[in-house]
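To start, I am sharing the structure in question, which I have written as structure tokens.
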Amino acid sequence: MTAIKTLHILNKSPDHPRAAKCLEMVSREDGLLLIGGGVLFLAAAKLPDAGKLFALSPDADARGLGHLTGNASAVDFNGMVALSLQAQRVISW
Amino acid sequence: MTAIKTLHILNKSPDHPRAAKCLEMVSREDGLLLIGGGVLFLAAAKLPDAGKLFALSPDADARGLGHLTGNASAVDFNGMVALSLQAQRVISW
Amino acid sequence: MSTLIMIDQPPYGAWTGREALDMAFSLAAFDQPASLLFTGAGVNWLRQAQEAGGIGQKSVEKNLSAAPIFGIEAILADRSACNTYGLDENSLIEGVTLVDADAVLLTNYDHTAFAG
Amino acid sequence: MSTLIMIDQPPYGAWTGREALDMAFSLAAFDQPASLLFTGAGVNWLRQAQEAGGIGQKSVEKNLSAAPIFGIEAILADRSACNTYGLDENSLIEGVTLVDADAVLLTNYDHTAFAG
Amino acid sequence: MAETASVTFTLVITGAPYSSQAPQTALGFAQAAVDAGHRIDRVFLYGDGVHLASALCAPPSDETNWSEAWSQFLADHSVPGVACIASALRRGLVNETEQKRYELPAANLRAPFEIAGLGEWVEGRIKSTRTLYFHAGD
Amino acid sequence: MAETASVTFTLVITGAPYSSQAPQTALGFAQAAVDAGHRIDRVFLYGDGVHLASALCAPPSDETNWSEAWSQFLADHSVPGVACIASALRRGLVNETEQKRYELPAANLRAPFEIAGLGEWVEGRIKSTRTLYFHAGD
């Protein structure tokens, strides 16, 4: 099982100021789960390099980005639940 | 009476992506009226240089910036009404 | 009396985009010329192959494809925002015109509005 | 079990900041350690001499001054955001500690939350 | 510029009270417009703005009740206040007609606000000297 | 990691349906948590999230009614759903008790949602294995 210190759940697009702050505060020991508008990072040139990168697949599919997961792992809601328990802490941005 | 082609009314702080787009689309013949969170441009280093710059005084006062109008003219609601009629068009961002 | 409706929020996360579309359709229904301009993260409305069933919503792609039928004059997209989000001829839906969203563009419209 | 409540929206334009404050006060009322961190445009909460009568609201400065009485452990502000908005020792309200809002800071708290 | 007597405004409010400053700013503007002798042709509530038409808001007694303040203004100056029907039905704002049609347990629209379609906005846009939008900020 | 049987979640929803995706994402998460054998300790609605507890939403018939879907989930799994009283009163969400107290013309809270204070959130925070927040996005 993957070791994740803090799981950061980001539902804001790259344009949103809170997204920039989130990326500033993620460490290499953390996980970053992109949901909602956050999955648009998969399309933007500036894909964040968190320790571990995940994207919620129904949200990526809705935005036409299901195939574009790059170095992000696709997870469904079951995976999101599992990640939230694997991590020591969860922050929803 | 001041000639204003388009009056841009901006109520978003400098951090908001719509604020950046607004400043991109203002021309030198236009007026920019800062209201709500938009008055925080009066505190930020990057004060926009629109043709004519205005700030709604009750909003500036609320945010502790009533004295800081710099090259912006303070207007009250009566002034806002007058500006909206002087301009040929109004865009609320 | 032509109107430009601007959409700068991405699809699905908020309702303002759909409500902006309704504004444009409503103008067209009353024979008022209307165009749509997508800027910022809003250009993500225009990506091909959106599958929104998994989040319990209808695809906005389908909504948008009704635009010409309703009489919307043009679907415009900000070129630089499309670049930012990796959108090009191959990934954009049909019928989109790339433009530079600047002060000059605005002078073509009597009225410009956001839905929220 | 200490909690960090983050505020990144400016005052008066939205209600989330006030609701974030209520969350922190509520934790303190139940003897749970709580601190506030202001980042981005949220640092504008901390400016002296806010006069909100003209917009029909109560000054948030007054709300914030109750923080120590309610038992809030610390009022933190992101140093770089304060620079952006021209906030320094002379213009900040009393009792604010400047910090670098980074990954290290977060490790001091068991729980970090926004109000919206 | 048009003659003062013939100047009319359509105001569109898209931000909800207590979530945004939009209804407050719009009221400040509307009051100043009326004081200057202009007419408010109509106020159109769209998107989250429809919450301004709620009859059930009960803010703390030391805060302004913006729904009440706006209905008072509309009544005092005989200004029509219209909530967009599509926005209102999604967000749980209904009058007695819609309550019956959708078999809902109550109605919560505050008089004199009414419910109607986007056509009201289009008409205001065409007829008024200026149409101004009051959006949620940040 | 805690034993599966003892894992509990508190979910806080701060985004409104139709304005944000927050209630939908939270429901997907809640369903998956229950499917995995975990327990939802409580759902707390805060800020604009209180609109999820409205009994008066009537979205178009081809769109999901998220208030209805959530109340069904709460009932099916005996999960308490609590709307913050301060957020609810400001935004016009009231049960019959508050209707009487504030002399309002109607009540619009959908069962089984209840109205209570932030103490419910604090308690959930302390007792649950994880507390997750579902905010409005963009």
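As written, the chains take the letters A, B, C, D, E and F, and residue 1 is the first residue of each chain.
Everything that follows uses one rule, which is that a contact is a pair of C-beta atoms (placed from the backbone, for glycine too) under 8 Å apart; a residue touches a chain by one contact, two chains touch by 3 or more.
Keep in mind the model is a prediction, meaning the values are calculated, not measured.
Please give the intersection of the contact partners of chain C with those of chain D.
A, B, E, F
Which other chains touch chain B while also touching chain C?
A, E
When contacts are scored as defined above, which chain pair ends up with more C-beta pairs, C-E or D-E?
Counting C-beta pairs in contact for C-E and D-E gives the edge to C-E.
Look at both sides of the chain E and chain F contact and report whether the same residue positions are involved, with over half shared, or different ones.
same
Distance from the CA centroid of chain E to that of chain F, rounded to the nearest Å?
That gives a centre separation of 28 Å.
So, what's the distance in Å between the C-alpha centres of chain E and chain A?
Averaging C-alpha atoms per chain gives centres 39 Å apart.
Nearest whole angstrom, what separates the Cα centre of chain D from the Cα centre of chain F?
Distance between chain centres, rounded to whole Å: 26 Å.
At least two partner chains per residue is the criterion; list those residues in chain C.
In chain C, the residues touching two or more other chains are 10, 12-13, 15, 40-41, 55, 57, 111, 113-114.
When you check chain B against every other chain, which residues touch at least two of them?
Residues 11, 13, 15-17, 36-37, 58-59, 92-93.
Residues of chain F touching 2+ other chains?
18-19, 21, 25, 28, 47-48, 63, 86, 90, 131, 133, 135-138
Chain pairs in touch?
All chain pairs meeting the touch criterion are A-B, A-C, A-D, A-F, B-C, B-D, B-E, C-E, C-F, D-E, D-F, E-F.
Touching residues of chain A toward chain D in the complex: what are they?
6, 17-18, 21, 24-27, 30, 89, 91-93
Of all residues in chain D, which touch chain F in the complex?
1, 3, 15-16, 19, 22-23, 26-27, 29-30, 32, 111, 113-116
Under the touch definition given earlier, write down the residues of chain E that touch chain C in their complex.
Its residues touching chain C are 12, 14-15, 46-49, 86-87, 90, 117-119, 121-123, 125-126, 131, 133, 135-136.
Quick check on the complex: what are the chain A residues that touch chain B?
Touch list, chain A to chain B: 15-17.
Tell me, which parts of chain C touch chain F in their complex?
9-10, 12-15, 41, 55-58
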